[in-house]
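Input: one structure, supplied below.
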Amino acid sequence: MEQIQLTGPHGPKPKKTTVSRLGVYAFLFSAAVFFCIPLYVMLITSLKGMSEIRLGELFSLPGDPSFAAWVKAWGEACSGVECNGIQTGFWNSVKITIPSVAISIILGSINGYALSFWRFKGSNLLFGILLFGAFVPFQVVIFPLIIFLREVGLYGSLTGIILIHTIFGMPIMTLLFRNYFSSLPDELFKAARVDGANFWQIFFQIMMPLSIPVTVVAVILQTTGIWNDYLLGLIFAGRENLPMTVQLNNIVATTFGVREYNVNMAATILTALVPLAIYLLSGKYFVRGIAAGAVKG
Amino acid sequence: MNSISIKELDLKYQDAHVLKQLNLNIKKGEFLVLLGSSGCGKSTLLNCIAGLLDISAGQIWINDRNVTWEEPKDRGIGMVFQSYALYPQMTVEKNLSFGLKVKGMAKGEIRERVDRASKILQIEPLLHRKPSELSGGQRQRVAIGRALVRDVEVFLFDEPLSNLDAKLRADLRVEIKRLHQKLKNTMVYVTHDQVEALTLADRIAIMKNGEIQQLSTPADIYHKPCNLFVAQFIGSPSMNLLEGRIVGENFVYQDYRVNLMGYEFINQGDHDENAFLGIRPEHLALEPRDGYVKLISAKIDILEPMGDETIVWFDFMGRKWSVKVHGDHQLKWDEDADIYLDPKKAHLFAKQGEVRL
Amino acid sequence: MNSISIKELDLKYQDAHVLKQLNLNIKKGEFLVLLGSSGCGKSTLLNCIAGLLDISAGQIWINDRNVTWEEPKDRGIGMVFQSYALYPQMTVEKNLSFGLKVKGMAKGEIRERVDRASKILQIEPLLHRKPSELSGGQRQRVAIGRALVRDVEVFLFDEPLSNLDAKLRADLRVEIKRLHQKLKNTMVYVTHDQVEALTLADRIAIMKNGEIQQLSTPADIYHKPCNLFVAQFIGSPSMNLLEGRIVGENFVYQDYRVNLMGYEFINQGDHDENAFLGIRPEHLALEPRDGYVKLISAKIDILEPMGDETIVWFDFMGRKWSVKVHGDHQLKWDEDADIYLDPKKAHLFAKQGEVRL
Amino acid sequence: MEETMANTAKVSTPRRTKRIQISSLLASAPMAIVAIGVFVVCVGYSVMLSFTKSRLFPNFNWVGLDQYERLWGTSRWVVSVENLFLYGILFIAFCLVSGFFMAVFLDQKVRFESGFRTLFLYPYAMSLVVTGLVWQWMMEPSLGVQNVIQRMGWESFEFAPLVDPQYALYGVLIAAVWQSSGLVMALMLAGLRGIDGEIWKAARVDGIPAWRTYLFIVLPMMRPVMITSVVLLAVGVVRVYDLIVAQTGGGPGMSTEMPAKFVIDHITARGNVGLGMAAATMMLLPVLLVIGPWIYREYVRPAKH
Amino acid sequence: ANIEVIHWWTSGGEQKAVTVLAEEFNKLGNDKWMDTAVALGENARALTMQRILGGDAPGAAQFNTSRQFEELIEEGLLLDLTPVAEKEGWTNFIRPSSILNPCMKDGGIYCVPVNIHSNQWLWTNKKVFADVGVKEPHTWEEFLTVAPKIRDAGYIPLAFGGQGWQERHVFDVVMIGVTDEKFWNSVWKDKDPKAASSDKMRKVFETFGALRQFTDEGAPGRNWNDATNMVITGKAAAQVMGDWARGEFAAAGKVAEVDYGCIPGPAKRPSLTLGGDAFIFPKSSNKNLEAAQLKLASMMLNPTIQAKFNNTKGSLPVRADVDLKVADACMKKGLALLDDPKATITPANNYITEDTNGQVQDLVSTFWNEPSMSVDNALSIFKGIIEDAE
């Protein structure tokens, strides 16, 4: 095929690095710096010795980096009589977080599903109340809840704390799933009913497999919340199940004692690792999931 | 024998009365099309038959059984949806077998039915794909297959072709028709596309605001619309209309009069009333023919060539008139042309009540 | 004089070569329709013209100006989208005026233009509504209005009607045609609906896999398709096909032979090669006519009554054949019928290369 | 009409107007129990306590509105409420604005998009206790940013909001925005990605500059995202406690006191449950007044289309 | 039975001290100490309350010797320790009596005080004073005269931690310093509104307010140990803090009365308010647990254990017959005052509820941080608080 010789502008428009493009990156990088500084401070502080910290050079790199604080935070720092660092609470946190996240998501998704496809009289009102519950500071209902759990014999047990997390997670989880399921075509549900699937079959075989994106968001929100929870765990979990944040707090917070900032920071980062890992792993699913669940009215 | 029988069906939403005391009998093996413009209640009616909506009053009988309170699955119906509503995470095979498995049917039997359905619909090579890997037409076929495997007496279709492009729509239309001739099930088919309705239906029910306007064969609906709404709704382009008065044997408008000799009035006798005269574009001609009378001459406004035929548009007494002529006709825009009409093919509607005269 | 001129246009996505060395000249005031099946690159081509996509090679000229590197707003084009793409929170008036305001046009001038456009499109009563309060057809008109106020030479339409229902589509089609006759702008119109293409276009460009197959008037495309693809693509139902051999004056298949007297070969002279014979449904008849030759007799498979005409389907040598007959024809399913064809209206395509003979 | 009515009488009307599957009621039971049991009964119980003289433990010595009288006579409470309003409005506004900007800039087909996204989002994984502590350091005049910049030569640089009662609340605000704006960014980004591509094309053809397109066309289209963001943020605002305790302890003076802290201090350390619950009840009021109508309009009333 | 103990001793020295108690208890055999440490007193106390409400009370829990647990006694939720106390004669050897008073209600004894901390100390950096060339102040008047000189010399006169409790702490120290025990008691014990709005009280507020100008801008939100560190490093001249600050000086290798000075309650007649920690023992139906609780209560007052515990913690024992090995010059000063019944003053929170206490703290904190607040205004609010106090 003969090639016609073209004169004048042809082909793709030459790319120029424009001012606005530079501006975009400038903005993003400065925002990134703003977001990173606290993490940077935490990291370097955790690598310094106390004497170096007392100099007050917040941003200077550690002269003699050492992981001693990390080792101590993980396994040696004392909280009262026991000196096992935050690792003691780690497994408790896992024991609390996994079932709490799972159950609250399961219940939230069932609620959302029922609210989207199986309305009954008053279901919207129930949902309204539940949503209102999202705004109730939980301290407000702490006394009645303690009394309630005492009466059913669950106060101070693993089951009790899981129940509590489930209760407080339910509003937002329900909202998330309800919005997501409402965005699915009604016809899918109708088709399944014509096929003879019942309430649970439709839920487990049709709806659940479709809700992976929102589930990712739900897992992230709930894990972050429950893993970082201190107060509820302390009050409801019972002595045997105190979560990691209790140890973290014992290390970090003190009125009259001496503060070991490097250990504090190491403990802090260690505690945040689990939610951070989930963020990194879920990556793009998070945004995608939000698009699927949270955004639609 | 009626396959579906709907008695005094009422359906209200909080604020809207969507179906009003609707009665409808559908014969066994019949292909009934529900036709109407958007929002007239077609889907609502279909969902009531399927048991997907709770009705406000009335009864629904399927195969001489009162199913008013039955679950959709127990009504002996299969349904095909506009958006296909395939289960996105399941393969085609799973999509087809899901309902059967839920029912607890034996594996062998499921296999057999899926095989048969996929053979009928020629989707055997697709059985292991997921819906997202199918084209629109293939998806539609799978959706039909899902109803097919259930081995039901009654098929319900809710605008099954309206998401497809024109060509595919035409192809699948023929396939559905063929399927009906093969299976001989009762089929209720919702559409707002009159071509589908006319080509597929044994009978068409034309709906407007939740009420059935006319229930009849396609030919009847086309050639003997019972009122002005039906007359205008069916046919493309729409029927041309002229407002005037019937005086004895003539239709009079302004200074013109058209001899109505040959028109079959429903009520014999003398007529003298205000009326509309309607005439379909294909019953007008631009050259004198046997039995045609000249109406007027007018200037050609627009030409729409469609290959085998051409639609010629005129501005006539403030209304757009269209005439269908053969595609070989040599016409030019802005020219004057004479319009002739065949009075036997005309339609007359009373101005009062807009019913056919 | 060319209004748009596309030279050696190439467009590649990372993995796909969508447009291939495409050349196209569109005359001033011409209504050009780009027709092709889904994914063939129509929208891509239109977006290249609009400057919404960065091309890989080639040039685009609009009004004899090389606009290859210009911004869309500087190309003197207006564009109408399939999803309308109205700004949802602005009133119709704001939708129309926003672009002008941004440009810094004087208030009075804006007002004038908006008034003119809304008068042309008859959307004056809607000026203060939001898009969500409009019907589909009204939205479409506003979308056109937004292009109109920009007072551009070239209008680009990307499937502007495909979101509408059949009836509305037919109405708006006529309006767009009328608009073109009034404004006399150059219009490039993308569609996959052949009825739209045939009725609207001055010329149609049929595309397949990023290449233009035929660029010609609707009549030419319909009556003299340049290859098998175009022949099959245009016409509904599709052209009927027969595979056989041309031997001298005859087309031979199995034991039959059809006399080709009257067919205009492109290359005169003796032909002796494998070929397809194509014939449109409306050029077949079920009764003997002048100049027609009998093809075969076959059993009626399906009848599709469409009001004024009926499509009769046959199973013929393993292919579905369709014949268009007048709606008054009385035919019955499963009967035998004789099929006659008009050799002058037939089409012949070489088996090799599938081009018209 | 009368006649038809007579005819219809023969055709029985369904008794059960709704066919609800037992399992659907069963499945909604936990929700019903939580909604009513916790958010109605328990809240009601707590409201009742606000009319008692409960000290360390709940009791039912009724004192009428005494607690409310004392509450509104307490300057710390009044200051807390003022703080909450200022903080809440600014917090939500800043998060929305910065989240929107980050989302917009990330939407420019930039390199390392996912890297930036993770960076903006990670603070959300940190507990507020920690966030408060780190920011307290950074805002400490002799240790933090101020010190570093002053030593770099900019002597007059001042950035120590936490030590000044006038600005302390803004110090808290910075930390809070740092923590939450990433989430808003993610929400907004998702919203942006959900917008019809043809809108963009239309705007380009119209010659509307990108920033105006974002501001006047895209932003108003993101109403649902905004609502979701505001809800999530507002939930955090009403409950703000951890951050305050960790970063300022409510000080200097009363300058960063918040209602939630008032409630918690009184039902724990100060052993005055009655007053705490009166304060809690006052907190629920705006929730009911502002959020209630919204919940009703958005979720309770409308039937699914 | 094992006995769960809730306490808030989570920092370095405190942990070692509580470990002494735990180990000694475990040594007694059979029963084990189950440790539940929760940082910050208010959190630990709240937990104890909630656990009691939830029917899952700990075996023992730490409180301050104050009215914090009064309601628990009234509700009959605490184990009555009177039989052991009478048998062992607690009232005879626990001194000063003010430390045991909060444990007593209607003749019964319901808690065990384990240590004493004294609050009124001015810690000074001797080098700074020498450098400026002024004498260490022994009254607040003196402080106010030397402070400007110190400031002019480039030092911070008063290292201050701007947290609510620290502000309140300094306020109390000032109050005792510029008034006397009688006045103190008439305000806190008798809750006399006239005293609360008297000129003496005005003087207290004025003196307290005058201190503002001698602190640095970084004070708000500062932890006490960071403030102490300012004295240690010589950035600041002095700090008002309880005796626990001694540990910081020691940790930095400073020697009492050589590197740093300790001036008891800057006042004409130095006196100390004594606070301390006490353990309560929630009632239980479990007899074994009750036995263990009594055993623990008794053990906590055992002289050897008192010695070991307080030596580790750096606090003063609640009984006199204890050998304090670690006592340095400053601690000896404290012990001497402790032996003088006239020099010990009952702390305010033995007389007022935590609620009132909190109101006072809020007022003090507001007053400190808002120089625009007039003394009149502060006085009238203070009077209102004292009037309403129970």
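Per-chain numbering from 1; labels A, B, C, D and E assigned in written order.
To be clear about the criterion, a residue touches a chain if its C-beta (ideal position, glycine included) is under 8 Å from a C-beta of that chain, and two chains touch if they have at least 3 such contacts.
Keep in mind the model is a prediction, meaning the values are calculated, not measured.
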Those chains which touch subunit E and also touch subunit C: A, D
Path length in steps (a step moves to a chain that is touched) from subunit D to subunit E: 1
Busiest interface, counted in C-beta pairs: A-D
Chain centre separation (subunit A, subunit C; CA means) in Å: 54
Whole-Å separation of chain centres (CA-atom averages), subunit A against subunit E: 40
Whole-Å separation of chain centres (CA-atom averages), subunit C against subunit D: 54
Centroid spacing, where centroids are CA-atom means, of subunit A and subunit D in whole angstrom: 16
Of all residues in subunit D, the ones touching two or more other chains: 18, 142, 267
Contacts with 2+ other chains: residues of subunit B: 71
Junction residues of subunit E - those touching two or more other chains: 41, 43, 53
Complex contact set, residues of subunit D against subunit E: 55-57, 74-76, 136, 140-142, 160, 162-165, 168, 247-255, 265-272, 275
Partner subunit D, residues of subunit E touching it in the complex: 41-43, 45-46, 49, 53, 68, 71-72, 75, 162-164, 217-222, 353-355, 357-359, 362, 365-366, 368-370, 381
Sites on subunit A touched by subunit B in the complex: 185, 187-188, 190-198, 201, 205-206, 209-210
Touching residues on subunit A, where the partner in the complex is subunit D: 21, 24-25, 27-28, 31-32, 34-39, 41-42, 56, 58-59, 107, 110-111, 113-116, 118-121, 123-145, 147-148, 167, 170, 172, 174-175, 179, 182, 186, 198-200, 203, 224, 228, 230, 245, 248-249, 252, 264, 268, 271-272, 275-276, 278-280, 283-284, 286-288, 290-291, 294-297
Residues of subunit B touching subunit A in the complex: 47, 50, 52, 71-73, 77-79, 81-89, 98-99, 102-103, 146, 150, 158
